[in-house]
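For reference, the structure discussed in these notes is given below.
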Amino acid sequence: MKCLFALLSIIWLNAASHAAGPLALGTTTTLRDSGFLEHLQADFYATHGIAIRSIVLSSGQVFNAAKRGDIDIALTHAPKAEQAFIKSGLGLARTPVFYNHFLLVGPENPSLKLSDNVSLADALQSLHEQKLPFISRDDESGTQAFEQKLLSQLGIEPSGEYYIKSGRGMGPTLQLASQLQAYTLCDWATWQAYRAKLSLQPIVNTPQAKQNQYSLVTVNPNTSSHPTQASAELFHSWLTGPAGQAAVETFQVNGQQLFHAGMAKSEN
Amino acid sequence: MTTLLPLNLNDVSYQLAQKKLLRQINISFEAKNLSVILGANGAGKTLLLKLCCGLIQPSSGQLQWAKTLSTRRGELPPYTLVFQKPVLLQRSVLANLCFALQSLPKDQVLPRALAALEWAGIEHLSSRNATTLSTGQQQIVAIARAWATAPEVLFLDEPTANLDPDATERMETLIANLHHDGTKIIMSTHNLGQAQRLADTITFLDHGQVCEQQSAKAFFTAPKSPIAQRFLSVQGFKP
Amino acid sequence: MSDLSQSFGHALNLLVRFDSNLWEIVALSFRVSLSAVMIATALGLPIAAALAIKKFPGHGAVRILVDTLMAMPPVVIGLVVYLLLSRAGPLGIFGLLYTPSAMIIAQSLLITPIIVALGLQVFVPLWAKFGDQFRLFNTTTKQNLFTLVHEGRHQLLTVWLAGFGRAIAEIGAVMMVGGNIDHYTRVMTTAIALETSKGNLEMAMALGLVLMLMALAINIMAHTFSRLQQSPN
């Protein structure tokens, strides 16, 4: 009996107390790897004294966790998955909070010949026609969703040895592309964080395209098995409010601003 | 206080994996005399002793003590066995003795243990780690431990088989002391000299069967069974 | 090669400077694995002793279960615990997923079969040696169990160390149920995986060095304890 008590106390002493406030935030590797997440966490903690526990998964995995009720709030960049989550009734609302863009990166001596000001879609089309080595995320991430969107718009279903699926986060995917001297799609923030360690260069870099929208998705307290979190509401109002948006705008890596506050363009 | 003895074995046999290792054992052990179970190696002496101690159960037949034994744990047992190879804990000799006396009231344990050391003449070994002693010394600790629990019957399985002559002599003295103080001794040996020195009665065992059981004097003058006679003559024994 | 030695140098620097990030991770690893192995020992040793002493009904089934669980990859155990502790799962109400408690639970499940199997290897020979003598002493089962543990104390310490070593070096289970959350559930192994994937080799190597030193220390201790064991004649 004493043993059982000891067991339970060891577990209990280590248990998180959800009610008191730390926020279980489901978010993506792209935000972590750039250091942006730490920046947000520090700012939020300084203002409200609430710690954020970031559970970093691909966007798709975040919604799986949300469906299971294991996170308080989601910060992702996969519009279709986000909207599906709301539609299912498990999510409450989706608020776009900041954005940047995607770029195509490739080998130091690229064989892909492109004209100036070519769009990402056109570049991708040429790449697939020439069957140049390309690394795809294949992990239900926001980046993966973006690639899928482009491919279906172009009507391309890639197959063949040139199309490699890494199944991993953006950082490892970039490293793989660097090792194999292949092409891949990447978000602006992760690119800035990793570029120094890679033997890759930007091939198509169009910030004005603003394709990469990050949104905050709240969990529906009525349908979710997850208990309501006051900290989730606090985080939501902070990030969408002036303080949070300022934190977004002031974040820089190597003198480069990585994210822009607000919504890029209306979704279609 | 009723006594455990006599111990009767009625048509006892013991079988393991289709082999009958002991059969048709019909013997009894009476109070007061020092019983020796004599036989060659492999005759079944150890098995017989283990049966008597309840460490193994007979395959058929009955083993009967004169009074029913309590099945309660945590009490000092009425009989015990000293093995051929001493089984001691990795602690001091004193601690080993105290361990066997756990069931006694706390204030009686230490005095009894010290008395056992004195009885066996091993006070100087009290704080030594028991497993580092010589085999002879360990065996003396084992018999001191047995004495401490004040059993009515003490079984010993070839207690001096692994000992040098000095240690053997000391052990035999202690066994004789126990016997004189009233403890019933039932011991096994294959050593004729030892049997002669100590035994009041001989139970002669050969290939799992009791060939004869009679007083030691009679056995050594005129053994009844041919096997016993051959056993004695082969060992160069002349009555 | 010079890149490797440069990273190694930076790693040593992090260690010696007591970089707070690094040591926070090491401290959590210790806390999780130490707790897990304590629980595993409290559960596993009695089971091992019972298996060694008594042939109870279902004895064979327990043995098979223990051996099967021992062969289970940590990531599978992690998955099972994840499914149990998730809010969508049967124990979801406790909200334990993505906490150090979940990691302790998962590692306890991982290590207990190991403690049982290794503990058996200690208890079975001990019981073979002492079993008959204990029955002659007419001591209670509780007294016998305590004595067995005391007799095998040096070997059991080695078993304990083996369990701890296994716990602190695994990644599959703690990654799954802990989530590798910064400053909360990040332990040495998950941190190494993360830092390597980010290309931060200095941090990864520093952690790797700590793990290796720990493995070395454990082995030295285990070796010393088994030498301390008196060999009975």
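Each chain gets a letter, A, B and C, in the order it is written, and its residues are counted from 1.
As a convention for this text, a residue touches a chain if its C-beta (ideal position, glycine included) is under 8 Å from a C-beta of that chain, and two chains touch if they have at least 3 such contacts.
Just so we're clear, the structure is a prediction, and the values are computed from it rather than from any experiment.
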| item | value |
| --- | --- |
| Most central chain, Cα average position | C |
| Farthest chain (mean CA position) relative to subunit C | B |
| Where subunit B and subunit C are represented by their mean Cα positions, the distance between them in whole Å | 47 |
| Centre-to-centre distance between subunit C and subunit A (centres being mean Cα positions), rounded to whole Å | 35 |
| Mean-CA-position distance for subunit B and subunit A (Å) | 81 |
| Sites on subunit C at which at least two other chains make contact | none |
| Complex contacts: residues of subunit B adjacent to subunit C | 50, 53-55, 73-77, 80-81, 83, 87-90, 99-100, 102-103, 129, 131-132, 135, 138 |
| In the complex, subunit C residues that touch subunit B | 129-130, 132-133, 135-141, 143, 147, 150-151, 230, 232-233 |
| Subunit C residues within the subunit A interface of the complex | 31, 35, 38-39, 42-43, 86-89, 92, 94-101, 104-105, 179-185, 197-199 |
| Subunit A - residues contacting subunit C, complex | 3, 6-7, 10-12, 14-16, 18, 22, 24, 33, 38, 41, 51, 53-56, 67-70, 168-169, 171-172, 175, 194, 197, 225-227 |
